[in-house]
Amino acid sequence: MKKVFLEGAISSAFIADSIAKHQSKHSIGAHNIFLGQVRADEVGDQKVVAIEYTTYEEMANEKLHEIREAAFEKFDLTCLHIYHSLGTVKVGEICIFVFVSSPRRKQVYEATEWLVNKVKEEVPIFGKEILDNEEHQWKVNS
Amino acid sequence: MKKVFLEGAISSAFIADSIAKHQSKHSIGAHNIFLGQVRADEVGDQKVVAIEYTTYEEMANEKLHEIREAAFEKFDLTCLHIYHSLGTVKVGEICIFVFVSSPRRKQVYEATEWLVNKVKEEVPIFGKEILDNEEHQWKVNS
Amino acid sequence: MITINYFGNIAEAAQSDSETLDLKSMSLEDLLELLDSKYGIKKFQFQVAVNRKIISTKQGLSLSDRDEIALLPPFSGG
Amino acid sequence: MITINYFGNIAEAAQSDSETLDLKSMSLEDLLELLDSKYGIKKFQFQVAVNRKIISTKQGLSLSDRDEIALLPPFSGG
């Protein structure tokens, strides 16, 4: 089982390291990366300053395993990686990192989009949006 | 005019730095990144070991400017960056980096795909594939 | 013993992430009634997972010893 | 003076990236004939750019002093 959940924001150094690890795979011609960044959305006269993520980790890992297997069936991929933050991620920081690699570029965009949508729709992750005034609301995906 | 052409391979540190620079833009919710990596394609009984890129730089910059403008018209983007290597890029190294950012994720995949296709089809860049035995052939995009 | 896991706004209402009920068996319907009387869960939108699979609450499921129930508000990852 | 830029396999055939011809004016068609007689360019696939815009070679264009011509093999960036 590959590790998906990371404590706190996903750093650009972590992303760079993931990219660098693929340089020894000489059949790869195309990578596509999706990064979700926490937005300072307005909520009434307040603003979102951070999101606190929790998950039902055992179920999430089972679901993520199914999603990975289905993606390899559906698309011509050399490898794929999914990372998601738990705990606090501040505005401007990265909370999800989906990384798809393939010999050719044709399918990588669609594969990434499909994976991101699956994670958002099917994986039990919950975001609590923390506002300026320390109140909060539960995030709803659109 | 934004600088597109870089001498040699695009490093993962350069990519990380580009990502980190966007963390102060709090309206961004989604990034999509395309990376092209030089593949060890087989050519008869030889293998590609590197690609040497040249360009008609003045024309390429004019064309890239048009492509940027058209992308901002076509898609809801906060910013976009295109980088391409010149000179030698070895197998496993990255030769093109397209980076699109938007408030929401919906259009970023399509925007990246559109940009990568435009660069490949319309920008005068020429790849010379260097083989194991030091012979070469001129790259043809498929 | 049945374990119940709470998430998001339901965990807030229950003031807990998890509890165990010392029951040998119970219908899922009865369990949800019981939890509504304790925490008013019916005012929330949620799905139910039994042993980490989402199930329909209308299928008259009987819970048994060691089942793991979870009340899951709308997912909002990413 | 007309500048001609060569790229890819055409630069190889011309053994040069660029040259200038000391002409005041000439049709594009005649220029391409001249270059074919020097370097055999007709065996290659290429587009022609005049002043950095791709143009049709069939439109009977007249080149004039200071024009910048480029012979562009198929693009293969990325």
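The letters A, B, C and D name the chains in turn, as written, and every chain counts its residues from 1.
Keep in mind that, in the parts below, contacts are C-beta pairs under 8 Å (C-beta built on N, C-alpha and C of every residue); 3 or more make two chains touch, one makes a residue touch a chain.
If you want to know which protein each chain is, UniProt gives these names: A, B = Molybdopterin synthase catalytic subunit; C, D = Molybdopterin synthase sulfur carrier subunit.
These numbers come from a predicted model, not from an experiment.
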Number of hops, subunit B to subunit D, where each hop joins two touching chains: 1
Farthest chain from subunit B by C-alpha centroid distance is chain C
Distance from the mean Cα position of subunit B to that of subunit A, given in whole angstrom: 23
Expressed in whole Å, how far the mean CA point of subunit C lies from that of subunit D is 74
Cα-centroid distance, subunit A relative to subunit D, in whole angstrom: 49
Please set out, as single numbers or ranges, the residues of subunit A touching at least two other chains. 36, 105, 116
Indicate the residues of subunit D shared as contacts by at least two other chains. 78
All pairs of touching chains? A-B, A-C, B-D
Quick check: in the complex, which residue numbers of subunit D touch subunit B? 5, 7-9, 11, 49, 52, 70, 72-78
Per the contact definition, I'd like the list of subunit B residues that touch subunit D in the complex. 36, 53-56, 58-59, 62, 84, 95-96, 116, 119-128, 138-141
Which of the residues in subunit A come into contact with subunit B in the complex? 12-13, 15-17, 19-20, 22-40, 91-94, 103-105, 108-110, 112-113, 116
